[in-house]
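Multiple structures are listed underneath, in structure tokens.
Okay, so chain A shows up in both of these, paired with chain B first and chain C after.
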Partner chain A sequence: MNGPHDMGGMHGMGPIPIEPDEPVFHSEWEAKVFAMSFATFCNFFPVDETRHASERMPPGDYLSSAYYERWLYALELLITEHNLVTPAEIEQRIAELAQGE
Partner chain B sequence: MAHTHRPESEIALRVKAIESLLVEKGIVDPTTLDTIIEAYEHQIGPHNGARIVAKAWVDAAYKQRLLADGTSAIAELGLTGFSSEHMVVVENTPQVHNLIVCTLCSCYPWAILGLPPTWYKSFAYRARAVIEPRKVLQEFGLVIPDEVEIRVWDSNADLRYLVLPERPQGTEGLSEAALAGLVTRNAMIGTVKVQPPEQPSTLAA
Partner chain C sequence: MAIETSNECMTVAQAQYLLQNGVDCRSVSDDPPRFQAGDRVRAKVIHPITYTRLPRYVRGKMGTIAKVNGVYVFPDTVGQRLATKPQYVYSVRFAVQELWGPDASPRDCLYIDLFDDHLDAT
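Here is the complex of A and B:
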């Protein structure tokens, strides 16, 4: 698949973003996205499908998103494609949580 | 540092919604999520790789087995784990410097080094490591002389790499455990060299 993820040799990416003493996760949502992906790709779909799912992200989004945003995209795509959760349920829960806050 | 496309608060809310649905439906168990996070934050990390390197430095027969069949030699130490099922170990020498990348995503030997740092996952590293490794290494403060060959290894979904760094001079008297304490994550990816104990160095780097 010839997508934006095939990045070897691409020009114009700038300097390497080296962060000293970097934490494993930068926020709780990153940790949760990782853990939910890990838990589901062990039980509901293989890790290769998760990788492929992130490569199915539209190129413009892929190139402008952070690493765990791409994981979130893959997680959401796979849990909905595998009928574990529907997109409508997700949107409804977001609205409920937003109201509760 | 995340440089997210959408506001982080929006993403956090979305993640919370998905989590609550998955938990409610019994698809994920909240205790399991905590266990996974705890494991990757505190238990699985570069200290595993450092044990492998230190053993190879003090045990010539082990080093030979490690370079011939990394997967089996790592299994001898009980360090085989998720995302590190098939391993190739490449040795740095005065003539050859090895560097590991994953151009397609961020494949990395999780069980041996923990989760990869942001720079390893960055578009800049993925794009540039294979075309201008010397410039990339200079950004890490490592200057490789022109006469030293640089070999860049592009990881993939099934095969992961580990650099066996050169043992620093002046460490002849150190124990295996003390040697392991000198070996940093970046040294096992190939972006720095292992420093002798006189110079500051941390396992976390």
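Here is the complex of A and C:
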């Protein structure tokens, strides 16, 4: 698809930030998103289906999101599209976690 | 045939293997490669709304086969769970002036891996 991921030749994005000693994950939630996504690779979703899912993020959101925010979007999209989890179940769990804090 | 996934939870051993080795996307073909190093090719002009590994900036552009990389499953159809459609992947060299015009360096080239389905003979 001609999505926001296909950035070759685009202007105005600024330099790529290079972090010296960049950590694998910048915060704990990124590691959790990686683990949840990784657990579904191959067994539930072909890896190219997960790549395409992140490309389907609305372009404005895609360009202003961090790398693992795109992974989370793709995971939520696919687990709901394939009826493994309902959007209502995700919202319910978010509400439970918010109450527990 | 559509691609079925196991929908089984991954074991720790499977996860460790995948983390260390990645997903092996190599495949085999009974057919010889359609192109050889040195052949001139043109990238197709397509605008699928589905997944593709053919970026916009090479579509319609002329390039040269630099290397035959081997046979791999086709992400464009795997991404839709349609078929693995194994096919040759080539390293294709494009002069950057072909991609970006006369203001680009006359000496620079861009190498990109493209699938057989992305290319037309010229």
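One rule holds in what follows: the second predicted complex is superposed on the first by the 101 of 101 C-alpha atoms of A that agree within 3 Å, B and C clash if a C-alpha of one lies under 4 Å from a C-alpha of the other, contacts with A are read in each partner's own complex, and residues count from 1 in each chain.
Here is the rule we go by: contacts are C-beta pairs under 8 Å (C-beta built on N, C-alpha and C of every residue); 3 or more make two chains touch, one makes a residue touch a chain.
All of these numbers come straight from a predicted model, not from anything done at the bench.
Participant: Tell me which of chain B and chain C touches more residues of chain A.
Facilitator: Counting contacted residues of chain A, the larger count belongs to B.
Participant: Is A:E49 in contact with chain B, with chain C, with both, or with neither (first, second, both, neither)?
Facilitator: Second partner only, chain C.
Participant: Does chain B (first) or chain C (second) touch A:Y67, or do both, or does neither?
Facilitator: In the superposition, A:Y67 touches chain B alone.
Participant: After lining up the shared chain so the two structures overlap, which partner does A:F38 touch, if you call chain B first and chain C second: first, second, both or neither?
Facilitator: After superposing on A, A:F38 lies in contact with both chain B and chain C.
Participant: Is A:E28 contacted by the first partner chain B, the second partner chain C, both or neither?
Facilitator: After superposition on chain A, A:E28 lies in contact with chain B alone.
Participant: Pick one for A:N2: touches chain B only (first), chain C only (second), both, or neither.
Facilitator: A:N2 sits against chain C, while chain B stays out of touch.
Participant: If I apply the document's touch criterion, which positions on chain A are contacted by chain B in one structure and by chain C in the other?
Facilitator: 6, 8-9, 38-39, 44, 47-48, 51, 55
Participant: Which residues of chain C touch chain A in the complex?
Facilitator: Within the complex, chain C touches chain A at residues 3, 5-10, 15, 18-19, 23, 47-52, 55-57, 75-76, 78-81, 99-100.
Participant: Quick one: in the complex, what on chain B touches chain A?
Facilitator: Per the stated touch rule, the residues are 1-6, 8, 11-22, 25, 27-29, 32-34, 36-37, 40-41, 83, 101, 103-106, 114-115, 117-119, 121-131, 136, 139-140, 154, 157, 204-205.
Participant: Sort out for me which residues of chain A touch chain C in the complex.
Facilitator: Contact set of chain A toward chain C: 1-2, 6, 8-9, 38-39, 41-49, 51-52, 55.
Participant: Could you pull out which chain A residues touch chain B in their complex?
Facilitator: For this pair, the touching residues of chain A are 5-11, 13-22, 24-36, 38-40, 44, 47-48, 51, 54-55, 61, 63-69, 72, 75-76, 79, 84-85, 89-90, 93-94, 96-98, 101.
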